[in-house]
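Consider the two complexes below, in which chain A is the common component and chain B and chain C are the respective partners.
Then we have the complex of A and B:
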């Protein structure tokens, strides 16, 4: 996760470089450190440094790292000719390096030669089982080929070893949701909530999955998680407010006719309806009437 | 009896400054040598990595247990602590002595030896050199007064017992440099440098990353955790938030 100051720094440097001030090398170093994906900018500024022999010698031995970074950015921007050139340069300098081997395999993947890339990655993994980048590239390749179940398999294997990588859990959850395997997706979101309990995004996603699963218990839990999202975002999250209303109406539908013991827990609905109304009035006044009719139809079902 | 000794400026020129310069140079040399000698066997053991990750995951589970529903928490706890194939379960026979394990792993033993040597040998050599050449005279005066207790530590080569304790021998200048140049090294060499002797010494005392013991500890603490679902509290808080927003 990038901190706020670092984000500001990156943005500042970016605007500075764009407007012609110096500082390209700093920008590239910062992007590399924070692992951001600004391939277009990296490519532009990296090229300007690499094509100028004076600037290139000014950075000395870091030039090879720059080659690697720009090659990856070139692959991202589909400039495969540039990428091939840089990979060749790196190969000449470091013939037996694992890092360059990885870059080569990435080039094969970018060119669309899936089988060669797959072979290259497997052989790299034999040498070094614990390189997370290679694992992730394999998953990405499977996903790009449309082989979702293969992607799931590789991702599960990766997560068996590196169980703390929350981005991987998030990716897995999204894949499961796309396949409608909601129970597994719920498990992944639980992992995410465990590792980072204060991020409202995960609560919201978990609540969505629970609401989709349906069933009274899940609906109650979804209601509670929408409430926690509202708490974590100070009541401003529109989707969570809507979630509360929907949950309430769904619970009402299911418990219609039963004894209304736990009806008093569902006091959030009218409040969230009011909050929604206020929000819409501020931001989208022409939709207020639509909102009002939707809310009314939800309440009618109780 | 504070008589003011006048120290020859030649002492400053020929003792203090050369000693500091030599120590800085030796430090830089050691840094580069350690960089060269650092073999490429940086491949971490997959089992160790996995265990480390399991521990972090178990710790997260303990910390945030109240945010997930009770059923999921219990399922996860069983997954971790299950007697037969739980992640944290360490069968009694395998709980090895980590020291033995470390010595039996030849790579790790070599690494430790190399690190120790690269630290000890320059220190010993420099100390011997200082002793041989720069002993027997007063080298510097410490600007603040000291008690008599420090006499044996700071005035080792000087055999006069009437000299004020503030006048120290060059050995103490050596020690001062040893501990003080760390800041200078981090300026010159960047953050990761092998000259952090004091840090290394502190690390050595707390050595022994023992995965088996920490796994057992995590398992026990996970057993103890009581699950108290925090979400109802969130619900009430959300109510308050919305009330404030709407009013």
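Then we have the complex of A and C:
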């Protein structure tokens, strides 16, 4: 969960390092802590540290973690020669290590040698059956080869054992959404919201999936979850405000013929329209007229 | 930091002095066999002064307070972590020319 202060900090450090102001090690540590995927920068600055023996000795025993981080970044940037060198250095230092074994298998994956990578992962799994990272790498390999149903199967098996892994649930939800299996994706998002109820992004994604599914009940639920997203972000999330307006107009369309008494009160729409208007006036004043006409057309269609 | 700490120490000393004085006053009352209705007025003043000083020190010494509301500007969850465990290398970046010629020495 990257908060705004952390993001500002990372961006500040990044611009500082780019302009030659030093601080590469702090930047790399921060990227590692927040688990960001900025492989190009990590590779560039990691190389500058590792190629300079003075700087390398300055960081002491943490240079091996840096090797691991830069090796993964090199694989992501398709610099497989660099990655191979780093893995060799790590193998010399830690010959029997499972962590380096995993990195080696990742290198095989990056090179496209799927069978060798699969063999490497199975042999690593024989030594320790319940290593979550290896299971997840197998899922990633299936996904990389385009075998999405295989990836889903592996991921479901993994989640039967490790039910608490939020990242895995999120990955499964995204895979289902990419295959348009929205009911299953909704289930995954429900699990995520149950375990981490204070993160508004999960509520937003769940509301989006419900809105896409359609149907009166789902639209009502989507309305409620957009409202909870707005609650958790203090009314500042533009997408959730739009979601409320769209849900209200869709519900109105579906219940057009019914009796007025049956309709529930959906009073948030005018409020969210007001909030949107204020937000746009502040941040994008030249688009206020476009916003007004969109909102008017939503109300007209109901 | 130093000032707040010193003020806090002063506040604690004032409170302990007030406690000592109250105990002495009580033993004096036991000698004269009167009822202990409450501490004398100057002890009450000392207690209030000690309370104010200690509270001021407790609020200034720890440093900047962080906000805990999820809707405050600093705490907005901007992005979820990029799921590095499921990272695949088979992406479109393979076809981009590598602009980095650096080598590992």
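In this text, the second predicted complex is superposed on the first by the 213 of 302 C-alpha atoms of A that agree within 3 Å, B and C clash if a C-alpha of one lies under 4 Å from a C-alpha of the other, contacts with A are read in each partner's own complex, and residues count from 1 in each chain.
The criterion applied here is as follows: contacts are C-beta pairs under 8 Å (C-beta built on N, C-alpha and C of every residue); 3 or more make two chains touch, one makes a residue touch a chain.
As the structure is a prediction and not an experimental result, all values here were calculated from the model.
Participant: Which chain, chain B or chain C, is in touch with more residues of chain A?
Facilitator: Of the two chains, more chain A residues are contacted by C.
Participant: So, does A:278 touch the first partner chain B, the second partner chain C, both, or neither?
Facilitator: Once the two structures are laid over each other on A, A:278 reaches chain B alone.
Participant: I'd like to know which partner A:99 touches here: chain B for first, chain C for second, both or neither.
Facilitator: The answer is neither, since A:99 touches no partner chain.
Participant: Check whether A:56 is in contact with chain B, with chain C, with both or with neither, and answer first, second, both or neither.
Facilitator: After superposition on chain A, A:56 lies in contact with neither partner.
Participant: By the touch definition at the top of the document, which applies to A:235: first (chain B), second (chain C), both, or neither?
Facilitator: A:235 sits against chain B and chain C alike.
Participant: I'd like to know which partner A:224 touches here: chain B for first, chain C for second, both or neither.
Facilitator: After superposition on chain A, A:224 lies in contact with chain B alone.
Participant: Does the superposition put A:299 against chain B (first), chain C (second), both, or neither?
Facilitator: In the superposition, A:299 touches no partner, neither chain B nor chain C.
Participant: Per the definitions at the top, what is the overlap between the chain A residues touching chain B and those touching chain C?
Facilitator: Residues common to the chain A contacts of chain C and of chain B are 234-236, listed in rising order.
Participant: Which chain C residues qualify as touching chain A in the complex?
Facilitator: 69-90, 93-94, 98, 100, 102-105
Participant: Can you list the chain A residues touching chain C in their complex?
Facilitator: 1-5, 7, 34-37, 40, 43-44, 47-48, 50-51, 72, 75-79, 82, 85-86, 106, 109-110, 112, 133, 136-137, 139-141, 143-145, 167, 170-171, 198-201, 232-236
Participant: Name, in rising order, each residue of chain A that touches chain B in their complex.
Facilitator: Residue positions touching the partner: 128-130, 160-164, 187, 190, 193-195, 197, 221, 223-225, 227-228, 230-231, 234-236, 265, 267-268, 271-272, 274-275, 278.
Participant: Where on chain B is chain A touching in the complex?
Facilitator: Within the complex, chain B contacts chain A at residues 43-44, 46, 49-50, 53-54, 56-57, 60-61, 63-65, 67-69, 72, 231-232, 234-235, 237-239, 241-246.
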